[in-house]
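Input: a single structure, listed below in structure tokens.
A, B, C and D are the chain letters, set down in written order, and residue numbers restart from 1 in every chain.
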Amino acid sequence: MARDVRLLAEPFNPGQFIGPFTNAHPGLGGVCTFVGEVRGGEGQDAGVEALELLHYAPMTLPGMEALADEALARFDLMGIQIIHRTGVMRVGEPIVLVSAAARHRRGAIDAVDFAMDHLKSDSWFWKREKRGGTWHWIEPREQDHADIARWG
Amino acid sequence: MARDVRLLAEPFNPGQFIGPFTNAHPGLGGVCTFVGEVRGGEGQDAGVEALELLHYAPMTLPGMEALADEALARFDLMGIQIIHRTGVMRVGEPIVLVSAAARHRRGAIDAVDFAMDHLKSDSWFWKREKRGGTWHWIEPREQDHADIARWG
Amino acid sequence: MSRGVRIVFLGKLADLAGEEAREVDAPLDWQGLLDALPGPLGEAARGERTRIAVNGALLADKAALQAGEGDEVALLPPVSGG
Amino acid sequence: MSRGVRIVFLGKLADLAGEEAREVDAPLDWQGLLDALPGPLGEAARGERTRIAVNGALLADKAALQAGEGDEVALLPPVSGG
């Protein structure tokens, strides 16, 4: 059962992780992957020039590792991969990649859904975005609590 | 709103589709992708030498296109891609790839889940697998009806 | 080229038929189809899990089959599971 | 190197503090922390949405804070939403 959890301070290309992760699990039935990027361009995201993700080294990576273990225990997986950026990112850059490999698709899809809800709402990241040259902290959202509550 | 639906008679590499699909949707928040492969090696799948997927040209691709349209109408997507193999495949070869791009992750993940349930249970493919040199047809499963029923 | 009706057998029905398709005379209605498919193939056509399509369009009621010259009638067994 | 207690400010608390961390004398308990953080920083520390961790371990009860020489006390505001 493979677990691969990383914090990256530099830009990454999702393809560099998805292929090797898939190949590491011969006999699998399916791989589900979610890649989140810095959103831009429309509505409340218009005018975003950059996003910064801050973390706290003694807690952020250990928290992600515990989340991966929880997903492995909860779903019928062959492996899970969680990659998360830190630092300053521009619109269109990948922030997060979660892949789950399983013999059957349901476990893989649900594990990705579960991990994303918890990464977004329950992990030790603080974000700020730059608009008009000024940084603004992003506050928690009510929706995040609803997302977590889905998992009981 | 991009829709890309294809039947492929030859092996494909998921990476050749995921990257261009992602790049075709600037401003997106996330892309969810499921890749299904010919499962092998364990339990009921032990001894599978090959899988063959047969389709019916006048109905199979139009059915997949209708499914893609339904997903676009039902979820808040920027685009969806459905790639499906036909013909003879060996263990480990990709059979199906579904990607959904959206501004918010929930739509992308749910659309992939929805499309996979319907592709597996409600699309015009007939499968047979080769064991010990002999081809055996794969029958419908009860689970497929339960999967479809999730979507009301 | 023949201008009869082409009957196409999908999935395991092609094994049962021993061929992927056959030509029959037009016009073809439901009784004509059953007459053209004796034995287990006719039983399969009658079975409620076998669907019939004309030129790619599913019939809601198989007994309403009406196919003319150049039409393609497909016999569709249940699709395989996931 | 100092062997006091290092207080680390995360997220917007670093803006409030004007620095990412500061050293204070050991030992440090809850009252000592509040004394070391006057004004809005102290208010933030008291706020129920601010968590406190010692050497990476969250405190269930902030008032039970007991940090000694070389310990790192982190003030963790709510994480940002998705």
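Basically, a contact is a pair of C-beta atoms (placed from the backbone, for glycine too) under 8 Å apart; a residue touches a chain by one contact, two chains touch by 3 or more.
If you're wondering where the values come from, they're calculated on a predicted model, not measured in any experiment.
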>> Taking touch as defined above, what minimum step count separates chain A and chain C?
In response: 2
> Can you list every chain in contact with both chain B and chain C?
Replying inline: none
>> Could you work out how far the Cα centre of chain B sits from that of chain D, in whole Å?
In response: 50
> In angstrom, rounded to a whole number, how far apart do the mean CA points of chain C and chain D lie?
Replying inline: 76
> Where the CA atoms of chain A average out and where those of chain D average out, how many Å apart are those spots?
Replying inline: 27
>> Nearest whole angstrom, what separates the Cα centre of chain A from the Cα centre of chain B?
In response: 23
> Which chain C residues sit where two or more other chains touch them?
Replying inline: 82
>> By the touch rule stated above, which residues of chain A touch at least two different other chains?
In response: 105, 116, 120, 147
> What chain pairs are in touch here?
Replying inline: A-B, A-D, B-C
>> If we count contacts the way the header does, which residues on chain A are in touch with chain D in the complex?
In response: 54, 56, 58-59, 62, 116-117, 120-128, 137-141, 143-144, 147
>> List the residues on chain D that touch chain A in their complex, please.
In response: 8, 10-12, 15, 53, 55-56, 58, 72, 74, 76-82
>> Quick check: in the complex, which residue numbers of chain A touch chain B?
In response: 14-15, 18-19, 22, 26-37, 39-42, 45, 91-92, 103, 105, 108-109, 112-113, 116, 120, 147
